[in-house]
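Remarks on the structure that follows.
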C-alpha cells in the first residue's frame, strides 16, 4: 500500500490504554481487547490518541506499547499511531521510531502548550517539517476541546497540498468547517469524523469514516452507520445515529477516558482505571453510564 | 392555524433591517426587499433577529418596524418576530404587543448579560413565564456566538414539554446537540438550523428547515438544498451545501451584518449600512465578498 | 465644576435598583437607601450599572429612575449614570436625556452583542461619537465578565486623548493593564477600580478610587481602604483589603446581583429581589452569605 | 535548609533554555548566562518553566539540562526545577530524579490536557501524591494562559495544608485570588507573583517575591521593585513598576519565548532561537522589542 493510495476509509477505535492494578501497562488486557475487536468490520485502530492517554506515557512506554500493538493488529487492518509531541524536534524523532515499528499512519495532534503562538505560520512550519521527515503518511489530528487550538479550514486546506499529509481527523464537530475542507482540499484528501456524535452528518458531507471513541465499545453499531450510509439507507443511518449520541457523549465529554474504560468493562472488554490525575467513575456515575448504554441498545 | 399545529418547516430569511442615509428605518427599502423575496418558495420571514440588528433599535422603532413588516408579509407566509429582551418583564411586555400586531411566532433569544447566572433554573423560569404569557407560539433561539450562553440539549428537551414552546432555532452548529434534541424532545417539537453552513446535515438528522442569513441573498439555493433533501437527492443536496458554505461564512461570522448588507446590494436588494458601532465593509472586503459570492454561484 | 476638572476620586457604590413585590420600581426603597448611605464619606453614586440591572429596565423606566436618583443625590456628591446601549444611535439619544436630567458623568459600557466585530475601529468610532455628543463627561466602563469584550490598554490610552473622555472604570481585574493605562494615558485621565477585590493594589498603581459593589453594603470599610492608602498606612490598607475580598466575591461573581440585594437586607438596607431571569438566593446561600459578611467584619 | 523553613522570598528568573544552531542544548550559552546573572541580588533560578520550553525537551534532555544547571547555580541561590508532567506517575518519577540531582524546590504546574476533568478532586489527588512522594518541597505553579486550567483560591488554600507544599507561583494576574490565598492559606505559605506585570501590587498584598520572565533581562530593576517595597518607598516602587509593564508584556504574552530570547541577545546574554513550532521574531518585531526595552530604561 503506497503513500499515495493509503485509504483511511472506515471506522477506527482510538483504543484506551490498559493499565494493571499497579498502574503499569497491561499487555494481557491489550491482547484480550484486540482479540475481542477482531471479528468486527473495523478498518483499523488508532493507538495513543486522546483516549489512549498518550500524554500520560513516558517515551519508553509509548514505544513498548506501540510495538505490542503492532503484534496484535492484523496485517489487513490499518495501524494509526499517535505521535504528536509539543516540539517539532520531538515529533520528528518519534515518528521515525514509530514508522520503524511498523505503524501505517502517523496521527499528529496540534502542539498546544504555547497556544497563543500556534498561529498559521507556526502550525504550517510544524506540519510541513513533520510530514517531510515522516516515513509514513501523516494525518492531522484536530482536538480543540483538549488543546484549545482549533485548526482553521484554510490551514487544513493549505496543508492538504503536502503529498505526505493524507487526511485529517477532526473532533471539533464543526460541520461547516468539515464541509469547507471537503470542498477545497486537494482531491483525495481524506476527512475522518473525530467523534461518533456527528458521524452520519459528516458522512453526508463527504467524510469517509471516523476515529470514534464509541467504536471501542459499540464497534458494530458504528460500522452500521457507515454501512447504512453507503447503501443509501438514510432513514436507518439517521435513526441509529440519533440513538448513539447520548452514549457517545457519556464516553467522551461527559465522563471522559474514565467513562470509556468503565464502559469497556460493562460491555466485556478489559477496561481498568485511567492513570491519575484522571479519576475513576464513582458508583453513581457507573449506574448512569450503564443506563445510557442500555438506552442506546449497546447493552 | 392553531398553536398546536403551526409548522415552521422550510426556509426563513432573518431579514436585515434597512436604514436610510440618516440612519433611520427605511420603509421603502423594506417594501422593495419584500417584493423581491416574494417569488421564492420561502416559508416566511424572521424579523428582528441578530441579522436584523435587534439590539440597535429602540422599543418604539421595534414596534413600528414589526408593524410595517406585518403589512408586507403575505398571509400565506409565517411571520416570526424576535422579541427576546434581557428581562422576563420586558420580554413578556413585548411579546404581547408583537402578538397584537399579528406576528405568528415569537423568536425568543436567551437572555445573556448576566451570563454566569443564566443556568438551567434561570432559563427555565424565563422561558416558562414567557411561553405562558405569550399569545403566540414561542420558538427558542440559541445563538451562543453572540450571547455566550449556550442552551444544553437537556434544557431544550425539558422546555419542549411546554405546550406553547414549539421549536428551537439553534445557531451553535453543534450537530450532536441537535441530534439529542431531535431524539428526546417531545414529538412534534420543531428544530430549525440557525445557519446555512450546516443546513443539509441538520436536515439529515431531522431538522425541518432553517432560519438562514444566507437565504436573504440566495433564497433559491437555500430552498433547493431542502428540496433536494426532501426528494432523496442526497448527492445534489451535498454538492450544493458544500458550494454554499464559504458564502454563508462571508455573510455571517466573517463579515457579519455589514457583510450581509453589502451582499444584499450586490445581488440587487436594498442593503445600506448597519448602525454604528458596526462598521461598513471597506472596498477590499467588498471585493472579497463579491469573489466569494461568485465562487458559490450566487452571482 | 468644569468638564476638565471634574474629579472622580473616591468611592462610588453602583447602586442596586430596588423593585417592589410586584416587580416594579420601588421609590420608597430608593429613598430609604440613599438616606442610609448619606452619612458615609462616599464621593457619589453610580446609577444603572451592572449591579443596577440596567439591561432589565425599559427606556421609560430608566429615565424615571434616573430622575428620582437625581432628587436623592445631594449636590456635593457625584451622580454617575449608566447610559451605554448597544448602538451609537441609542446611546447618544440616552446620554442627552440623562445630561438634561442632571447627571454629572456618563458611564458608558462597551457595546457587546456583536462581539466579534467590536474591534478597535468599532469601539473607537463608538466612544468618539458618544463623547462628542455628550453634554457631560464620559467615563469608559469595561466589564468583560458580562460583555465578553475587553478593552485593551492601547484602546483606552488612545481614547483618553478625547477631551470629554475623563476616565475609565475597569472591572477586568487586570492590574498590568491598569498600570499600562496609568502610565500612558493623557495626564489627568482618571482610573477607577471596578471591584473591591483589587481596590488597594489598584490604588498602589495610581487609581484614584473605585466603583465598588461592596461599597453598597460596606461603605465605611471601602472608604477606609482609600483613607489608609492616602495616609500611607499600607499595613492597615492591606489588612482590610484582604479581609474584604471574600465578601466582595460573594456579592459579585459568586452570588451576583441577587447576592448583593440579599446582603443589602442583611446589613439593613432595602434589597428586595432582582428581576427574573435572575433568581433569588435560596436559604442555604443566604446563610453562606451571612457567614461571609460576618467573617469580613461587615456584620 | 529544612523543608519547613525553606524561603522562596525574592526574585527568580525562569531561565530560557539555550539551543545551538543545530537546535540542541547549548551548554556554553547556559554557562555564559549564569555567569552574567551572578552579580545580581537574585534569590535563585527557576529552570524548565514555561520560559524554559519545558514541553519541548525529551526526558533525557531535561535531566541533562537540570544536572548542568545544578553545576552553575551557586550554593547560596535556590534552584527551582520545573517537574510537572501530565500524569501523577510521570511527575512522581521525575521529581525523585530531580531531587537526586540537587534541586531545592519542585515547581509543579497543573496537568491540563484533560482540562474538563481537572476538577478539585483530580488536582487535589495529583498534588497530594506528588507532594507526598517528593523529597524536596513543592511549589504549585498556576499558569492558566498556557494550561487553560486555573486553580481556584479554595483549592490552593486546601493544598497549603500539606506540609510539603510550601507555596504557589501564580501567573494568572488575578490579584483578588492572590489576596484570598494570602489571607486563608496556612501561615507561612509562600506566594510568588508569576509575572513582573503585577509584581508590586502582589507585594503590597503579601507576596514575597516573583518568578519573573522579565528578571532574566532586567534583574536589577526587578530586584529594585522588591527593594523599594521593603523599604517602604512606595512611590519609587510604583514608578518603576509602571515603567516595566510594557517591557514585561513584550517578553511574555506579546512575543512569548521567542521575544524573551531576542531580548536576551539585545541586553547581552545568549538567547538563540526557540525550538519549532515556536517561530523567531522577524526584523520588524525585533525593532519593536528594542524600542520597548529602551522606553523602559532596560537598554
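Quick notes on this structure:
A, B, C and D are the chain letters, set down in written order, and residue numbers restart from 1 in every chain.
The definition used in the following text is that a residue touches a chain if its C-beta (ideal position, glycine included) is under 8 Å from a C-beta of that chain, and two chains touch if they have at least 3 such contacts.
In this text the structure is predicted, and so the values were computed from the model without any measurement.
Think of each touching pair as a link: the shortest run of links from chain A to chain C has 2 of them.
Distance from the centre of chain B peaks at D, each centre being the average of the chain's Cα atoms. Chains compared, chain B against chain C: the Cα-based superposition rotates one onto the other by 180 degrees, nearest 5. Rounded to a whole number, the gap between the C-alpha centres of chain A and chain B is 35 angstrom. Chain centres here are Cα averages; for chain B and chain D they lie 49 Å apart. Not a single residue in chain D touches at least two other chains. Contact between chains, as defined at the top, is found for A-B, A-D, B-C, C-D.
Interface residues of chain B, counted against chain A in their complex, comprise 173-176, 179-180, 182-183, 195, 197-198, 200-202, 204-206, 232, 234, 238, 241-243, 245-246, 248-249. Per the touch definition, chain B reaches chain C in the complex via residues 23, 50, 53, 55-59, 86-90, 93, 111, 113-118, 121-123, 125-126, 129, 145-146, 148, 253, 256-258, 275-279.
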